[in-house]
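Two complexes, one shared chain (subunit A), two partners (subunit B, subunit C).
Coming up: the complex of A and B.
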């Protein structure tokens, strides 16, 4: 691994569960990870694996009825979980930005793009209307919306999907945050636009030293642009590692199954490998390893003890990892 | 924008013209005809024929229709045989009273609906939301005559805080705003079901808006609850409310018939009820026409408000 910058975000033992039944199985269970400045970490997992809930927990914006039960979230030198709602609000949008999957619904349809960027800037930085306007223009130009930057007020419905996502990224960057969490930012876009948005994220990361958490269900996408990959299964991290190594030799049977389910780029492939069964819901977690019922490597001890994440590289949580040829 | 406005205005005028035609043919189709209601059911056929000739009712339908239009255009709404006065001058003071009552009711109902709806939507799963929801069901289901009677018994008879009805007799005559105390009870009675219905609808709109991604996105940008509620949610939730408020005009008048009778309040609803009982067709048709025109105007106002509120409508 090449030299990493300062750690921007450090999450330790994050556990998220239902407020009414704190004893019930957690939706996100004992999750720990770090993202350095200028680094992109990709969360990969199926729907319901806890990717988006983790993002919401970092922002302190969990949905009604869901609560952080344990764990710490540090953004640079600040412990976010110790902040009051008011103090945390002052950090949202200023120190950390969130980009949503569908920019059409995540932008207010009756406010112009410019107004939504300027409002964010004004709320955190104050200053004159003129300063906010200048800032808005610079940001729109930076995300590749030069025409909008110099044109009249533009509403979300007047932009194409890709342009909307650029505008969404601009709102998230309004106050120069050090952390950007992008929750499936390209899922609602077609492949060409998807590549453009990922290029934009890569460029911003390089130019601004932005720490990026990319949430996706697309392993190929994660492997192509992230530095490191963290695989989530049913609310638990099962493997974490450098993207290149991860793609070559995944250790966890689930990671390997995910990788093998990707269609090959060249040649006539055989029938794609699939993972039989469905991930367990939070109410029906099996004893022992959560992946055991679907695991090809499963042995008796897997159904008894839940494997812990290894503390040293390679990091994975499995009693019988795939060690042979890939 | 100008074209859209002109088109809407044209539509409104057309609606009024259709309404006038409909009202005309409804009277025309009334069994017996006006002569019988003036002379009584036992009048001799000769006397009826003579009166019909005198009133021009022996002319062909299309001629009567055109005559009626011409009279309308001059502001001549006919003559009330029961009140012995021209309808236009008869309606004036009643219209004033009703407009006064309905303005107070509309402002109170819309104000209550916006405040309660916002609270209900923002606290959808908590106690305030549930309490408001329960109040809406009760307020909407209680019949006006019952609520009216109860508030008269409590606030006028038992507590003697407010007058039970009327508009204050000679002291209020000629006064542009009658003593507000006389408005309080009928206005509250009429506003209750309207506020309940509107706030329930608006509350659900607000709740749905709060589930939108842009609200989560706004929170993730660090905007506070007040800024999100008033700066973002209110405007988007208010759009359908504007349409509903336009459609509220008829319910104001329909509710007005009952409320004004219970409180003996001399407004259009009260006059409508009276003239229906006494078969005073000219007055009745004039009121129906007036309500129709106000309804069309209400919808036009709602359309215009929508155009202002929705950026996407503005450009088509």
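Coming up: the complex of A and C.
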């Protein structure tokens, strides 16, 4: 982590919970992290661990009934949580872009791709329609849709899944954002297209100094393309660290379980390691460590005290971490 | 022969001439595919989106018209059968869809979803149906309490289990699994894959496992067929195919897999050219993207060549066998 760039996004003590019951369990609990310019941070966890909710909280797009209860979100020098809805709307799409898992539902089916990208640019940057068109052409070429860039108006249904996702990324990049949050951008795509999309993100990161937050459930994917990984479980960060060491020596039993659940490419014989049980629902949080009921390393003290995140490297929140050989 | 046998299967879709399009246009979704799946084994079908994986699954189940070639089940040519004669075979072969939510009626409870095939296939009475449905759910690791729920009340993993239970209801011997785990997160994927293995060991089922993910295929499939643009590129025992791919396309699929902790620029082999719609009309179908292509590849389409170790490859210049030199 030497020579990190300037910090683009800094989140401190972010807590998200139900608006009507402020005393109920937080859906995202006391989450802190930073992303530097040109860096990619990956959120990894099962469904329901609060990954997408964190992204929504950063953008101020939380669903009805869910609220940010505490914490700060800083994008460069601006405190986003202090902004009015109007001021925040001006920043969404301009300073920060969001790429959704399913581009077909995120794109408007009755407007052409070109019109949608031009609209984003025009709304935020103003200028002539001609300038917006020029910009759209350049963006489409940049994400590898040269034919669409120079061709006729194209509608989302005319594109394949991978091309739609490229168009989605082009829309997110229309106003030169400094932060891009990609929420499971490749889950619906096959491996070849996935590799292309990840190459594209890596290139954009290098060329534009874009800070990227990648949300995924696949630890192998995260470890292969991100700089740092943050593992979330039931709304809490359980481990954070450099991606290169994550696959070799995960400390938290949950990180290790996520890794061992992946089918290995070589070695057909062994049974896959399952994680028993399900993540706890919002209503029923166990006492002590949240992962204790499913943890293979569980001891008596785990059920009493909730472990805190260590302040020094390696950073994890566990009383009995996995040490030694994997 | 016991099990499934597919010989020179071709599926062609025809666009009839109409206003504006004077000529009849033909699209070959599958061209000359042959393979065998012995009873109790798993055959993986791998390839990118649009390569004909799903069409192959449907053609085997007689859900789409077959233009040429034969599909044999236990030696009976089911491509020659129709209507009532085909029905007993349909019972023996079931399909599990990629997205279980879209494959279920949202207004039916799990009980009705699972017991409908019991009624249709065996004419079972209502009271016994419910009991049988509970048994089926138990076999896929679900509680009886799920019976009275609706699909929307279930989690993704539970839904896929219900879809499996429904497929198992007619006591099939072949399951066509169309990307059964690609919508699930890793921990659920591990459970479904383990469950599929257990069911196979318990009941001697055959699986046609369709996926784009070579790591899931490597875990579950004994043999694998690699498809590209409707053509068979390579087939062979999965372990050999992954350790030492003979076709350049298989090698590129392997290179596209995320490699953890190998340093970041892991995917170099990928090309920026979108592959859809621009398949060559003559020569090898993969040659515009192939880095080993020579002049011959552009006009002479390679036929299926048998290599040692039960492998078949459709390539003029297959990659050398590197199993001896390189052991992971």
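Things worth noting here:
Heads up, the rule we're going with is that the second predicted complex is superposed on the first by the 322 of 326 C-alpha atoms of A that agree within 3 Å, B and C clash if a C-alpha of one lies under 4 Å from a C-alpha of the other, contacts with A are read in each partner's own complex, and residues count from 1 in each chain.
Methods note: a residue touches a chain if its C-beta (ideal position, glycine included) is under 8 Å from a C-beta of that chain, and two chains touch if they have at least 3 such contacts.
These numbers come from a predicted model, not from an experiment.
In the model built by aligning both structures on subunit A, subunit B fits alongside subunit C without clashing. By the document's definition of touching, of the two partners only subunit B reaches A:97; subunit C does not.
Of note, the Cα-centre angle with subunit A at its vertex and subunit B and subunit C at its ends comes out at 70 degrees, rounded to the nearest 10. By the document's definition of touching, of the two partners only subunit C reaches A:273; subunit B does not.
Set against each other, subunit B and subunit C touch different numbers of residues in subunit A, with C touching more.
When the two complexes are overlaid on their common chain A, residue A:247 makes contact with subunit C while staying clear of subunit B.
By the document's definition of touching, of the two partners only subunit C reaches A:224; subunit B does not. Contact with neither subunit B nor subunit C is seen for A:6 once the two complexes are overlaid on the shared chain. By the touch criterion defined above, A:61 reaches subunit B but does not reach subunit C.
By the touch criterion stated above, A:303 is placed in contact with neither subunit B nor subunit C.
Taking the two complexes aligned on chain A, the least Cα distance separating subunit B from subunit C is 8 Å. Listing the residues of subunit A that touch subunit B in their complex gives 59, 61, 64-65, 89-94, 97-98, 100, 102, 105-112, 119-120, 123-124, 155, 157, 168, 171-172, 174. For subunit B in complex with subunit A, the touching residues are 125, 212-214, 216-224, 227, 231-232, 235-236, 309-312. By the touch criterion given at the top, residues 46-47, 144, 160-163, 187, 189-196, 198-199, 202, 217-221, 223-225, 227, 243-248, 257-258, 261-266, 268, 271-275, 278 of subunit A touch subunit C in their complex. Those residues of subunit C that touch subunit A in the complex are listed here as 48-50, 155-156, 182-183, 185-191, 193-194, 197, 212-216, 218-220, 238-239, 242-243, 252-267, 269-272, 274-276, 328.
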